[in-house]
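Next, two complexes with chain A in common: one pairs it with chain B, the other with chain C.
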Partner chain A sequence: MGSFFKSRLFFISLGAVIIASTLPLYVSGYVLGLLTVAYYFGVFAMSWDLLFGFAGEVNFGPTFLIGVGAYTAGIVNAQYGLSPYICIVLGAAAAVIAGFVLALPALRVRGPYFGLTTLVAVLMLQNFVVVFADLTGGEIGLTIPDVITIDSHANYWIALGFMTISAAILYGLAQSPVGLVLQASGQDAVQAGALGFNIVKHKLAAFVVSAFFSGLSGALLVFYFGTASVGTVVDIAVGVNVIVAAVLGGRRTVLGAALGAIFLIVAGEFLRPTGELATFIVSAVALLVVLFFPGGFLGAALSREARQ
Partner chain B sequence: MLAFQILIDGFAVSALYALGAMGFTLIFGVSGVLNLSHGAIMVAAAVAAWAAASVLHTGTYTGALIGIAVALIMSFATYFAVVQPIQRSRRIPNEEKEIFVLTGTLLWGIMIQELIAYFFTNNAKTVLPIIEGVVNIMGVRTPQNEIFTAVVCCVVIALLWLLVNRTRTGKVVLAASMNPRGVTLLGHELTSVYIVVWAIYGVLAGLAGVLLGMFLGVSSYSVGPLTASAFSIVVLGGLGSVSGSLIAAFVVGYLETLTAYLINPAYRTIPALLLLVVVMYIRPQGLLGRR
Partner chain C sequence: MTSAATNAPILEVRGLTKRFGGLTAVKNLNFDLRPGEIFGLIGPNGSGKSTAMKSVMGIERPTAGEVKLEGENLAGLPAHKIARKGFGMVFQHSRPLNRQTVLENIMVALLPDSLLMLFPDKALLDRAKQIAERVGLGAVMDRRPPTLPFADLRRLELAKAIARDPKVVLVDEPFAGLTLAEVGTFSELIRSFRDEGRAVMLVDHNVKSVAALVDRVLAMYLGEEIVTGKAEDVMRNETVRRVYLGGTLETSARPETSFKDKVPLLQVENISVHYGKAQALDNVSIHVHQGEFVSVVGLNGAGKTTLFNTISGFLPYTGEIIRDGEKLRGTSPAKIARSGLVQCPETRELFGEMSVRENLDLGGQHLADGERDKQIAWLFDLFPILKERQGQMAQTLSGGEQQMLAIGRALMMQPKILILDEPTLGLAPVILELLSKALEKMRQTTPITVLLGEQNVTFALPHADRVYVLEHARIVWEGDPGRFAAEAGEGYL
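Take a look at the complex of A and B:
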């Protein structure tokens, strides 16, 4: 761990965060709004990477955890009018419980079956939102009365701070002995088990941590948007974007996932003039990265550094 | 009356589901590939058939053939442009290839979906039915095209069974699904086996897509749900088990029809999802799965 604080990666990240935190001084509110969403999205991608890159579990339903966190926070606020902070904590707690419930039986099944269970969870949540439209606002979306703040600078700093802290915790966890055990159990579960590590317990812990950050980020995002809808926090397309972001940035790097998410959102915005082709171009680029640079952005950079 | 209606409609829907899922499970059984661009290929076939018949006025049969041809081309493109490069890549560790194939085909499917939306808009399209008119079966007014759909599905499934179990090529395919290394030792090129399987898959997916386009209509929004339903049917039946997915398709098809008629069309997919969750917990390998 100590060596990390002397590594080049640390100084680059530190520099990036410092530059990012001064951005509100000289860019427009529009760019800030874009980056605010991108940072929350980055946390989604990082928590997904913890599960996929380290625990080796393909979670096709990151939006299940995100959606539970987002909707719980939104509903509590809309129904009972509690302060946003309590709602956000409740949202994160609900996501942790949802993650636990999903993980406990799902970890019994492997590979594609696990992927399907998580996919089904998303579809169920989506149906739930539509069926209980009185509570959730249905397909139109839930309007949330409160916001944390309407100041775009403050929102930006909250998002940046949240992403930085999450990144530090998730990266630290991934590099810690727990992260190594996770990585071992993801690559060869039998051998890791034979070495005396309780794989199920580790994977469950990874799931809970991933759920916590997904839910927290989802809840924060909802209070930023002022609305929760299936299209923004639950839809499979959103989950696909999270996965693409993590793979694009480089799996098993955690920090790369955030990079990929920011790239994805900013690229989507730059491609807006191309209209409906924007998603096509982003997917095509992602496919090319998957085919030719399977390590992703950060993976390619790190392996070059390691070779030198 | 209602019972007959459910029986007839349920049969047509189930047969269609079976046809759609069959190719999907065959590919998994033989090469271990889960093709998440499945829904996109089906929709591409339906939209091609629609465009040929309604825009270029080629006639319904030619339109359907064009649709199937498009699916066949897409299927080969998926294999050669996405699946094979990942399988042959030396930079991707073997144990992660499955996940990369999933991600790759998912992205590929989104690309196809977006192209369809770009060139043909998001509007729902109904392919002109091959046979028009309505018949009365025991008091239920049934479109003749629905009967045609069910018959075609059953015939094609029977043909597939004959192909796999009674022909030399089919037996090689079957053997490859049991033991790929054994097949190569007997002097068969695995790549050519895969090409045969992807060809079969293309035809099946194309046919299912075109029939679906006639029966229910499709739009680029149906890509995700179609992939998900094929995926759940195949998992319910047992990954790689063709007869398992046949049974599962009928279970899901009838469950959905029952829910739509007796409870509420909006809840159509929920019971099937619940059943899937229950099966996953009690019997993760599916109804007839081997592993």
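Take a look at the complex of A and C:
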């Protein structure tokens, strides 16, 4: 652990955060808004990498956790008018509970069935939102009365700070002894069991942590947007973007996932003038990276270091 | 060990049984392990020894029976609980954490099963260092596993297994993939575990490979114990000899000079194959004449399947494979199979959810309708049972019937050279006889050239014209099946 604070990765990350925190001084509000969303997406992707990269479980439904967090926070605010901060905490708590309830049975099934279970969970949540339109705003979306702040600089710094803290915690967790056990469980569950580790317990804990950060980030995002809708926090397509971001950035790197998310969102926006082509171009780049650099942006760099 | 005899057993296994559906893999197995003893559990492929070990460790949940450690029954507990009671297991295949150092990999094994351990403990790191020194990894502690040679990766597995100071150490195929010199070092290490008072159980294919190391051996076959005793007594046991070597053999070899082709139909010349860092084939040369029946005999892990997969074009290799004067290098596996060099793999690879007839028709896909019917009629004559089972789903067949179907499907491709990889795997003796008769009939009525890979010598020798013995990735003997028992049999027990 101590060696991390002397590593190149640490100084690069530190530099990146310092540069990012000064951005409001010289870039437009439009760019800041874009990056604010990108940072929340970064947390989605990092949380997802904890499951995929370390626990070895493919969660096809990251938006289940995100959506539960986002909608819980939004609904509590709209219905009861509680302070946004309490709503955000409740959103994260709801995501943790939902994640636990989903993972407990799902982790007992093997292989692709875990992924399928998580996928079905997203569809159920989507249906729930549409059916209980009185509560959730249905397909039109839920308008959230309160915001944390309307200052774009403050919103940007909140997002950046949140992503930085989440990254530090998730990365630290991944490198900690518990993270090593998790990684061993993901790589060879039988052997990890024979070494005396309760695999289900460790994976469940990873799922809960992943759910916490996903839900928290989802709740923060809806208070930034002022609305919650299926298209922004629940839809399968959003989940696919999270997954692509994490894989693009580099499996089992945590920090790479945030990079991937920022790249996806910023690239998508800059290509907007090309119209429908934008999605196509971003997807093509993602496909090329996955095919030719399966380690992702950061994975390739890290494994080169591992071989030295 | 002299002390072993006086010590009370630390592990008592009573009536251990494991069933998978209708298959009984382990049947009423009883044995004891004493502290300071090395115990060998041996049996040919498919005999249930690995399942027995996994059932002791809790990786498989035993169907019945007791696994008592110092009097406490552990049967039915999950592996992680059994491990914490004082068991360590050395796996044959290692998958270390590649981004962590060797030292960190060992430290993982020392960690408590707790979610609260967020910072590494200095004491654990020191202990990990001691263990690394102990198994001979002292010089490479700070390197990462991808940079290590194969033997060091095996050392890492040993280190992880003994990290928490287990009372019982289970070792799966201790010497697989190691060179002779490395076998010596690893034997020393395993002996040192015993001398520390641990009970060690080795699981392997034959007595010979572990004879120098073990105090006692239990030989099993088809899930049941044959005999338990000292290595030399077990090797002398009549049943064990019959299982491994067969009884008195009737061979019907045709001399090599009787085959008319001057240049053999298939020549494998100086083939070497590596799996990552493990050498699977070392400079292997064999040849097969037109119409000849050649058996390659060797224990599991000797390299038979690798040899066949190399010939079938699945693996990269150095050396040359020549068929009919043409080099096969660069030809795709599909093309090799279509040209009449057909392999019937050890794992059978049937299409389980398709019917018997559909499986056979797929094999004969390329034939004209009339010809396919003729081929199928011939096949049903060879394996009458398949005719009765035509409409049945392949996965519902018994093991023996599945094997016949696998061979049948290969024969539907009208092979010129048929490679049979371990057709007897896990089959009961009565089925072997049926299979044996079919092979005899095929040999007498067709011109098909056969290359058979077997660890079951009883099955491999009677039909063979010539025999190769493959051991530790090398051909160590070649000759007439009649001379096998006298010249190569001893090394095979």
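Some points to look at:
Here, the second predicted complex is superposed on the first by the 303 of 308 C-alpha atoms of A that agree within 3 Å, B and C clash if a C-alpha of one lies under 4 Å from a C-alpha of the other, contacts with A are read in each partner's own complex, and residues count from 1 in each chain.
Simple rule for what comes next: contacts are C-beta pairs under 8 Å (C-beta built on N, C-alpha and C of every residue); 3 or more make two chains touch, one makes a residue touch a chain.
Keep in mind that this is a model prediction, so the values were computed, not measured.
In the model built by aligning both structures on chain A, chain B clashes with chain C. Taking chain A as the reference, the larger set of touched residues comes from B, when chain B and chain C are compared. By the document's definition of touching, of the two partners only chain C reaches A:Phe197; chain B does not. By the touch criterion defined above, A:Val247 lies against chain B but remains apart from chain C after alignment on the C-alpha atoms of chain A.
By the touch criterion stated above, A:Gly231 is placed in contact with neither chain B nor chain C. Once the two complexes are overlaid on the shared chain, A:Gly15 sits clear of chain B and of chain C alike. By the touch criterion defined above, A:Pro177 lies against chain C but remains apart from chain B after alignment on the C-alpha atoms of chain A. Of the two partner chains, chain C is the only one touched by A:Ala205; chain B is not.
In the superposition on chain A, A:Gln187 makes contact with both chain B and chain C.
Overlaid on A, the two complexes show chain B and chain C touching the same residues of chain A, namely 187. Residues 1, 172-173, 176-178, 180-181, 183-184, 187-188, 190-199, 201-202, 205, 252, 302-303, 306-307 of chain A are the ones touching chain C in the complex.
The touching residues of chain A, when paired with chain B in their complex, are 52, 58, 105, 108-109, 111-113, 115-117, 119-120, 123-124, 127, 130-131, 187, 236-237, 240, 243-244, 247, 275-277, 279-280, 283-284, 286-287, 290-291, 294-295. Taken in their complex, chain C has these residues touching chain A: 57-59, 78-80, 83-84, 87-89, 91, 95, 97-100, 104, 107-109, 111, 113-121, 144, 146-147, 160, 163-164. Here chain B touches chain A in the complex through residues 34, 82, 85-86, 89, 91-92, 95, 98-100, 102-104, 106-108, 110-111, 114-115, 117-118, 224, 228, 231-232, 235, 239, 266-267, 269-270, 273-274, 276-277, 280-281, 284, going by the rule given at the top.
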